[in-house]
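Across the two complexes that follow, chain A remains constant while its partner is chain B and subsequently chain C.
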Partner chain A sequence: MLILLWFLVDASWPFWHDFGISQLWASEWYPYESLYGLLPAIIGTAWAMLIAMFIAVPCGLAAAIVSSEILPITWQSWMRLGMEMLAGIPSVVYGLIGLWVLLPWLQNTFDLLTGHNLLAAGMILSLMILPTMMVMSQDALRLIPIEQREAAMNMGMNWSQRLLRVLLPQAWPGIRSGILLGLGRSLGETMAVMLVVGSLDRVPQPIYNILEPAQTLTSRIGREMGEAAFGSMHFSALMACGLVLAVAAICLSLLAQRKSKGFVL
Partner chain B sequence: MIKESIFLMAAMCVSISAQAVERISAVGSTTVLPVMAQAAEAYHAMHPDLTVTVSGGGSGVGIASIIQGTAQLGMASRETSPEEQAKLDGHVDNIVIASDAVAVVVSKAVYESGIQQLSIAQIAAIYRGKIRNWKELGGLDKRILVIDKEASRGTRHVFAKAVLGSSHARAEGASIISGSNNEEQMIVSRSDNAIGMLSNAWLNDEVRGVDVLVDGKAIAPTIEHVRDGSYPIARGLHIFLPHNATAETKDFVQFLLSKQGQAIVKHVGYLPVR
Partner chain C sequence: MKIFLCLLALPALLLPLACFFYIVVQAWPALNWQLIAGSETVGNLFGDVSSAGHGLWSQISGSLLMMALACLLAAPIALSIALFHALWATPSQKRMLITILQILQGIPPIVYGLCGLILLVHLLHWGISLAAGGVILGVVILPLLSSNAIHALERIPVEQTESAKALGLTSVAIIMRVWLPAAWPGMLTGLLLAMARALSETAPILFTATVFSGITWPDSIFSPVTSLQTHIFYLAQEGSNAHAVDMAWASATVLLVLVVFFSLSARFLRRYEESV
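Let's turn to the complex of A and B:
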């Protein structure tokens, strides 16, 4: 881990040295004019992640509750099998599904110039992290001892009270790990996002406009790394994008590692 | 007896390694790629000892791979920049195997609504964001989906140089960035209001090339107009062959320039050089 970080810092050092940390909030990325503003891609990454979590967390949690608390055991295992299969599909396949199904749908529904946008990226990502979210939450719910459920029932709690006061608080550490793992995946996912996001290096106008093409850090690296000559400033700037991603991912996993007590995030 | 058999085995090993299939990789422009792929197949049928793995990435990637030595053959659909050429000089041959037209393409619906010819100034205005609706050009009242390409793409260099004045010019009007020719072709064909740039070999019923107005005369993006030099956005398609390449690789490049290789060039839709 440290070697990786050291490598990223080392490779991106010329960039930080020449342009400084202010490039993080500069908004113009034109490598041929030596403009390396990271802001459009950072905003794009953040939006894609937020949209993905906004869809995947409630859906994944609901699926976990339904399958582990309501459905009979045979259905549970089928559902789990389905989710595990979803988790195993290569990301490029999700990207292609996005291209052929999601983009035309978005384009027609919202009457857009093109379906390539942040919403599409977020929706594809949510599909990809849904299985993680669901499987982790389901495991956490299943680990709750039967005695606790019986005790709650004996106290005369109805179903929703049991869910909200006993089951979810007990399962929270597992659910939280699911959320953080999902965040990590949505942060780092490249191929599927690259195919649907539009790769336009521009800060969304206005900033909450998620229906315009945009860029994420990963898709920028994926699109431009092949061309950047090793050791050039462009290469170094792309490494800086990688470093930003790595630092964000490390923060997430530190959060995931931290021992939690109750509803502390 | 033992000595003999060892000798025999050694000899067999040598002969096996001599017959071993040589694998080389060709990387770069997705415009040159179809020619390379078909030529590799035809060549492999005659010389099973050479397998050429062809992959895209764009002209910039092709040139960078040759400079870094990660590919044995490079493909590019543009001239090298002076910096790139300086790194290639002396140890890499730059060979033109074909030429083609960079067509200004529009979606079928746009073409049928009457946009069938555009001047360079009009195309530039679209890419600079000055014209944003097809209505301003006499078409339907629809916003223009302006497709730009990744900066590393050869087609982008040639187009931007001819239309915007410099190969790295900004295109403020761009609505979306595409990568390979296939990706761009797909976006154009699935839209009703797109404009983009593609090699003439990628035109089809859904992806129409408009005529470019030169001195009041409409020039269609065809091979004939590349041959007579009248089409303004034409270019050579390049292969990069390092001097230290194996004899088989060099022979393969000769094949590209041979009658048979040039027939493939013509078949794909480009103008042969010989």
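Let's turn to the complex of A and C:
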């Protein structure tokens, strides 16, 4: 792991050396004019992650609750199978679905010039992290000892009280690690996002405008790696994107471990 | 409350089915035997009508080759990591090992792709090659494989190991006679899952191992290959060409069938393991 980090730092060193860390906040990215601001891509990534979580967390959680608390047990295993299959669909296939199904739909609904935008990226990402969310929270719910449920029933709590006061707090560590895993996955997902996000290097105007084409860190790397010559400044700027991604991912997984360790019963 | 939850959950329940059906329906016109067996990939990248080609055999074989190479490289390493974890590691080492594995698993595959691009393609002069793709995919699946192997070994009851030790077996004998017979289904499950993962990773091999067309069977392991994943990607970028669209859906179906095959067999193996 250290070797990997060292490689990234080493390869992106010319970039940091020439431009300094302030490039992280610069908002212009024109490789041919030697302007390498990372801000548009970082904001794009953050938006895509936020949208994805906003859709996937409630849906995944609800699906987990429905499947483990309401549906009979035979349905449960079928749903699990479905979810595992959904998790197994390669990301590039999601990209296809996004490109040829979601984009025209968005284009018509919102009357846009092009469907390529952050909203589409977020929606595709949410579809991809839904299985993670659901499987993790389902496991967490299933691990709650049956005595807890029985005790709650004996106290005369009704169904929603039991859910909110007993089951969800108990399952929370598992649910949270599901959320963090999902965040990590949406951070690093490349192909699907690359196909739908539109690859326009600009900070959205205004900043909450998610219906504009934008760029994420991963899609930038994927899009421009083929063009950048080895050893050039462009190349090392892309390496810097990779470094930012890696550092963010490492922080997320450290966070996940710290938290889950604190809450193990 | 219940109704509200059910409404929220509805998309999560219906989407898997919808996705599968949609993909298969879209691909239906292009699916035939010719597709899988035919290997002619006519034309070039610059958008003539036939550039989408007709057969997918070279793509399929490229994907499978790369997957096999990745597994061949990663499996022994994962096995030795798991054995180290089980035999010699102290508790603090174990914790650190697990932490590192989880962090490695969290790093986006495209970052591995970048590192591979620098190290293998440029510094070692392998060029865009099957070997580079295989090695990178091997690194990508390594954390998954090793954590699965570790879990498989951990599920062996401590009593078995202890009685084997009490019988005076050497550690080699314990590994061969006690652990392997008990743990192989778990390890094989992990391997199958890793194979599915290696098949579905696209980003890391996009600029390290694959080209769009013109290759039917790689000459050596240092020549570029074509793969299903990247084929879909290139086709998707052609966009308007109806034939390309059909081919992309068809490739997606083939890839999906392969991936589902691996993960389903992993699932059955797991069930078998639980029943034994």
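Following the convention adopted for this analysis, the second predicted complex is superposed on the first by the 258 of 265 C-alpha atoms of A that agree within 3 Å, B and C clash if a C-alpha of one lies under 4 Å from a C-alpha of the other, contacts with A are read in each partner's own complex, and residues count from 1 in each chain.
By definition in this document, contacts are C-beta pairs under 8 Å (C-beta built on N, C-alpha and C of every residue); 3 or more make two chains touch, one makes a residue touch a chain.
Quick caveat: nothing in here was measured; it's all calculated off a predicted structure.
Participant: Pick one for A:R223: touches chain B only (first), chain C only (second), both, or neither.
Facilitator: Once the two structures are laid over each other on A, A:R223 reaches chain B alone.
Participant: Would you check which partner chain A:L81 touches, where first means chain B only, second means chain C only, and both and neither mean what they say?
Facilitator: Second partner only, chain C.
Participant: Counting touched residues of chain A, say whether chain B or chain C comes out ahead.
Facilitator: It is C that touches the greater number of chain A residues.
Participant: Scan A:L143 for contacts with chain B and chain C and give back first, second, both or neither.
Facilitator: After superposition on chain A, A:L143 lies in contact with neither partner.
Participant: Is A:G188 contacted by the first partner chain B, the second partner chain C, both or neither?
Facilitator: second
Participant: What is the contact status of A:A151 with respect to chain B (first) and chain C (second): first, second, both, or neither?
Facilitator: Neither chain B nor chain C is touched by A:A151.
Participant: Can you pull the chain A residues that chain B and chain C both touch?
Facilitator: The answer is residues 99, 226, 230 of chain A.
Participant: How about chain C: which of its residues touch chain A in the complex?
Facilitator: 1-2, 5-6, 8-9, 11-13, 15-17, 19-20, 22-23, 99-100, 102-112, 114-115, 117-119, 122, 196, 199-203, 206-207, 229-230, 232-233, 236-237, 239, 245, 248-249, 252, 255-256, 259-260, 263, 267
Participant: For the complex, give me every residue of chain A touching chain B.
Facilitator: 30-33, 99, 103-104, 113-114, 116, 198-201, 213, 223-224, 226-230
Participant: Per the contact definition, I'd like the list of chain A residues that touch chain C in the complex.
Facilitator: 1, 4, 7-8, 11, 58-60, 62-63, 65-67, 70, 79, 81-86, 88-93, 95-97, 99-101, 127, 130, 134, 159-160, 163, 181, 184, 187-191, 195, 218, 221-222, 225-226, 230, 238-239, 242, 245-246, 249-250, 252-254, 256-257
Participant: Over in the complex, which chain B residues touch chain A? Could you list them?
Facilitator: Residue list for chain B touching chain A: 57-58, 60-61, 64-65, 67-68, 143, 145, 150-152, 168, 170, 174-179, 186-187, 190-191, 193.
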